Amino acid sequence: MSPHTNERSVHNDNDVTLSLSGLALHSEAGAPHLGSNYRASNGRKSKKSILTDSYLKTHSGNSFHETDRPLRPGIYAPTPAFFDPETEDLDLPTIRSHSVRLVKAGIVGLVTQGSNGEAVHLSQSERRAVTAATRGALDDAGFGNVPVIVGCGAQSTRESIELCHDAMLSGGDYAMVLPPAYYRALYNGESQYEFFSDIARESPIPILIYNYPGAVAGIDLDSDTITKLSKHPNIVGCKLTCGNTGKLARVANAAPSGFMTMGGSSDFTLQSLIAGGKGVIGGLANIAPKACAEVFNLYVEGRNEEAEKMQAVVARGDWGAIKGGVVGTKSCLQTYFGYGGFGRRPLPRPTPAQEAVYKEDFEELLLLEEFLENGCRGSDIHSDRIKEFSQLVELEHMLV
Amino acid sequence: MSPHTNERSVHNDNDVTLSLSGLALHSEAGAPHLGSNYRASNGRKSKKSILTDSYLKTHSGNSFHETDRPLRPGIYAPTPAFFDPETEDLDLPTIRSHSVRLVKAGIVGLVTQGSNGEAVHLSQSERRAVTAATRGALDDAGFGNVPVIVGCGAQSTRESIELCHDAMLSGGDYAMVLPPAYYRALYNGESQYEFFSDIARESPIPILIYNYPGAVAGIDLDSDTITKLSKHPNIVGCKLTCGNTGKLARVANAAPSGFMTMGGSSDFTLQSLIAGGKGVIGGLANIAPKACAEVFNLYVEGRNEEAEKMQAVVARGDWGAIKGGVVGTKSCLQTYFGYGGFGRRPLPRPTPAQEAVYKEDFEELLLLEEFLENGCRGSDIHSDRIKEFSQLVELEHMLV
Amino acid sequence: MSPHTNERSVHNDNDVTLSLSGLALHSEAGAPHLGSNYRASNGRKSKKSILTDSYLKTHSGNSFHETDRPLRPGIYAPTPAFFDPETEDLDLPTIRSHSVRLVKAGIVGLVTQGSNGEAVHLSQSERRAVTAATRGALDDAGFGNVPVIVGCGAQSTRESIELCHDAMLSGGDYAMVLPPAYYRALYNGESQYEFFSDIARESPIPILIYNYPGAVAGIDLDSDTITKLSKHPNIVGCKLTCGNTGKLARVANAAPSGFMTMGGSSDFTLQSLIAGGKGVIGGLANIAPKACAEVFNLYVEGRNEEAEKMQAVVARGDWGAIKGGVVGTKSCLQTYFGYGGFGRRPLPRPTPAQEAVYKEDFEELLLLEEFLENGCRGSDIHSDRIKEFSQLVELEHMLV
Amino acid sequence: MSPHTNERSVHNDNDVTLSLSGLALHSEAGAPHLGSNYRASNGRKSKKSILTDSYLKTHSGNSFHETDRPLRPGIYAPTPAFFDPETEDLDLPTIRSHSVRLVKAGIVGLVTQGSNGEAVHLSQSERRAVTAATRGALDDAGFGNVPVIVGCGAQSTRESIELCHDAMLSGGDYAMVLPPAYYRALYNGESQYEFFSDIARESPIPILIYNYPGAVAGIDLDSDTITKLSKHPNIVGCKLTCGNTGKLARVANAAPSGFMTMGGSSDFTLQSLIAGGKGVIGGLANIAPKACAEVFNLYVEGRNEEAEKMQAVVARGDWGAIKGGVVGTKSCLQTYFGYGGFGRRPLPRPTPAQEAVYKEDFEELLLLEEFLENGCRGSDIHSDRIKEFSQLVELEHMLV
């Protein structure tokens, strides 16, 4: 395959870190960025990251917790909380094994108690159990350097701070905080700013802002607010699930240099990166971690043509994840990987017809994931099915 | 009109029960319905209540908890959770004294952990403490018959059921449940119905449906859903804070006879009653319990003209409570009664200018409340101020 | 004008006008308030209306248009614009005949180019044609005194004023104006106030404010704004389709005495009246004009028990009209009356299954309407079907 | 200041088409992509466009209007309708001169009667006048090849089709259509699809879909619907003002090859392009056409680093345009260019304080625009002010 050498020749030295436009990729163990069986990109030029500080920070020189696990640019997965299908009790073994699977596939950090993690369906003790199990599983599997971010949003500042303490004690490295919404009509123009800065001041671990209007009655933090908050030494990033990449561009360019501005869904990975973002926290990474990570990797390597084609496949697959949310994600995991179960009530359980739809929604993407895993088309069935997806065939030819 | 003789025999004594159009008023101690100093309504016609069953039910003949404290038609107050202004810790003594004050003024039941009660700002143990304190205060003050309803909404069916158990163990008689909203995009057409019926099936105490779209991202249960749920033997009422009195009319006329269809704000008390409702759960009752209760009483007594004029004053006062929510309610209590404090962060604390606005918003109503308390204008200042409110003067002349 | 003191002697003289709580009912030809065949309310006392000013104003003594057709308290119908089912051209003969049918049944005024009138689907010349046809039909049928209100809302102040002029030239007496919404993010706190007062200042006919958040992206004028506007000499009323009867109470009690505060749907007729409203503009009056009007009439006569039962039937029927809007209304008219047709595209045309649902939604109400028309159950089929509706049977027994 | 005339000679070399990742740039007269005074990008590699068909279509081989003015990839401006500040009458001379200014600066097409064009504030005859003036001005200035797109959305299919005819007769090449929203509660799942396909079938000119939830009560067409519509031979593009670039990626990759998937705001230009989009229709191009166009041009040339830095400046400037909408845009034009005036009522007129805010919001961007125009810092004042903007200084150094 012919590299886009002409476009990228700017970046010509020979460090282990590749970089483009402020993004860095470390080819460390634990973050394999390419399927093992396709041609390694040896010989491509690389240079010292201009963003290495984002690895080393977070905000050194202040009195806050200095985590040993910095947030690296890349793809993060907000993991589901798995439950016993009969009792709805936590299924910690599955939570553990799923976490390890993702990190082995190239995911650079995990988020517990995000929207996929059914945070709002868990008791405080369950939250602690999930985070501790996740941390423990990573450590046991040799991924002690992979950070765990813990969803710590609550309606009151007080409870959110408590959750941050709980998160730290359970092994969490960062807290990701949703804005409160219940009393939205009573808040004034400063309430959200004060909420986050109060938490940042009192949290023992650094926090990320989680902007997801669809989950909080439409509350949508703007670039002015997020930028202002980004100056706080204990606020180190944000997840923009609003999908507003214009906002992302403004924040990314105005925030301190190590601030982790991240997209909130895998269907706009490239869009986040080209706007100055450092990565994505996207639920689709639970289903196709290699494909999600590979969009990032190809971009960082300057292989834009493949990146764009892979982004297209990922965006199509993400449409299923966006429509189905944690319900569709669990259905897909159950169908394709034999585990997943169901969300807690009142989340509905899909009918067989709905399961079939989810199966179909993710088929193309999982064929790609299988290709990235195995480097070739694994079976006749696969060979048969893949013909249905001409753009996927084209992409795989480019990658091989 | 033929009485529902069997159901009513409790209240057949010397005409203590007045009724109109299916509403009943007991002039019991603890629920004084008229300020003591103004003309008693002797000689007014009265009739047998057609709704006494609402006193005796709830849904006898089933296996559910048979509370000793039936829900009587009338005005209910969703009490605030008071906090120490420095530490934000619970201020249980104020919670106790406030509860007693309301019931003495004619409020027929209290709701803990409603929107005014900052349910979403409380830990589970704090929720228990508030409910137990409220129950205890009522018992100690001789109001053992006054029911306590406990807000038990949560995002998961599981947690909501747990809260119902907690509520019962803390002395709560009923659970009031908000619909979940976080995963609204994933729910199907039956999810809300199943949420409520699952909880009703497993809750040890009867439940009321709390329909308040403004608090739950716009989720608005329709009359079909509420009517269907009203058939469940352990669902005994609803609070419609949506303000849709057409819906209220449909529910009230289709639900089982003892079902407590209630309005959710004092500014539509008469509108709820004439549509078939049995009362109102309204935050304004924390500020002006006598005035709120009196709108109900006058209607039941058939004194429509006074009722409508009093409703107008109450509706004007309620505008302050609606705009200010728990923030304005606490500010008003602090200004006029010397207690109240502030909501937990991120609820803002009013500036002095905002406090002055809240003071003004509630002035007319509190002049009326004072009149109902004292039966005359208590002071020169009162005399001076009241001239500003011509409709209030007119109303007081009618009542004296 | 006579003082309010004797409002409750209500039914004490033998005038043609009955009144209660500020509402007046004229038993004029053209506004028959009772089906001819059931017991006349002879002997009930009546008196001069205390609201005669609302008949005579609108705001005499100013330079504005003095219409010969004052707005009387009662029920108004926003009439559909009927179209040829093939060409979608206006069907003016049906518009004419429908108008006359409603007024004969007791409707006291018509509204063209409301939401049921598909205002936003009509060209300016079509708007003029519909209004002129409506006015002409009423005049030709001897209802020269029945006013026509014309929907004149537009996104720009300029166009709205033009529509007011057009309305007057086409025979309209009043303009009903929706707030603009397209640039809602750009408006400031005064924009809506200025929009209405600018139009009021320049319109040749008096205007009514149409508050319908569901039609204008959620814009919901509050009681402060409407009350402030009600002081303008050329703003004479409002239609509150928001359903907020607390707001209605505040407006009705703060607006000038002749201001026509009206509910916006027939399912809260009584609720509007008891809150101080003067009537209702409701789409259901297109389907069951007698039943809608009779709720009003019974209330005015002080027959609350029957009023409440009839309100219940009307509210159930209105649920069909609310869900189906103009689509359901036209389907119902087609099914039960043989005319109606369809809305203009993109309004969908109901499938046969949907038509059957609409038929069922309105059945109870139309049995009542037939009863009010004929004074007895007209046919065996009717007799059979009516047994399905126990509350209707009960109501009819009360009325006979 | 150097004239615009020599901007065109730049790209008159042998390779007429530059391309990257499916985007093509034609160095035709009328589409200058670089300010004349900064370093030409000689020697950069280029290749034949893979998308040349997007120039040649639109959907050749069908019976629809074959415009002489194909839609080229690039930046489009939705022009304001200018008004006389006293009378609010159309100011056609300013509409003409503004149009020419934009096209001279590198804008590849104009949109009349978009949201910036106050379409909803114009009568049908005014709409025709604006489009005809725009077309005429372009022709007179030698830009006969620059297409004019005309906003043709309406609530009814019928009116929208009429507007399409009007647009063609006034010189419009394409119609851009917003989805209807007034009766949104009555539409079924197919209504929006049918609306667009009905219009496409009957419109004499090709249409583009305009997806802007903020303007139409939240109606947000999804990728499935837009993709399905993209197959229609007379639907040739879309403007996604929703900002959802994941959706944009899905549409761009599933639509026919010549379909013009475009972003709807200049703050996500690169994000649109990398997701497969062909350009942007963004209001900011009215203020800073060169800067907006240059983001596109730099990307197409593969100069990603400069592109990203310029995108950052543009995104910051766009925040002013997004917040201020047409009000802020006109204020900015008035302040910096001496024309602009005001929107029609009820759009508010900015206070002097607000004007100062808009001035500041756009300052950095307009310093960049001036630099692109003149190729150097033009004045001492400029030199002084530019120091405030360190990223701008850095960018200009890269470009010089």
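We just call them A, B, C and D in the order they show up, numbering each chain from 1.
Throughout what follows, contacts are C-beta pairs under 8 Å (C-beta built on N, C-alpha and C of every residue); 3 or more make two chains touch, one makes a residue touch a chain.
Computed from a predicted model, the values in this text were never measured in an experiment.
With centres taken as mean Cα positions, subunit D sits 33 Å from subunit A.
Subunit A and subunit B have Cα centroids separated by 45 Å. Centroid to centroid, with C-alpha atoms defining each point, subunit B and subunit D lie 55 Å apart.
Shown here, the protein chains touch around one cycle, each chain meeting exactly two partners. The full set of touching chain pairs reads A-B, A-D, B-C, C-D.
Listed in rising order, the residues of subunit D touching subunit C in the complex are 88, 115, 118, 120-121, 123, 155-159, 162, 180-183, 185-188, 190-192, 194-195, 198, 214-218, 324-327, 343-348. Here subunit C touches subunit B in the complex through residues 7-8, 20-21, 223-224, 243-247, 249-250, 252-254, 265, 267-268, 270-272, 274-276, 304-305, 308, 311-312, 315-316, 318-319, 322, 391, going by the rule given at the top.
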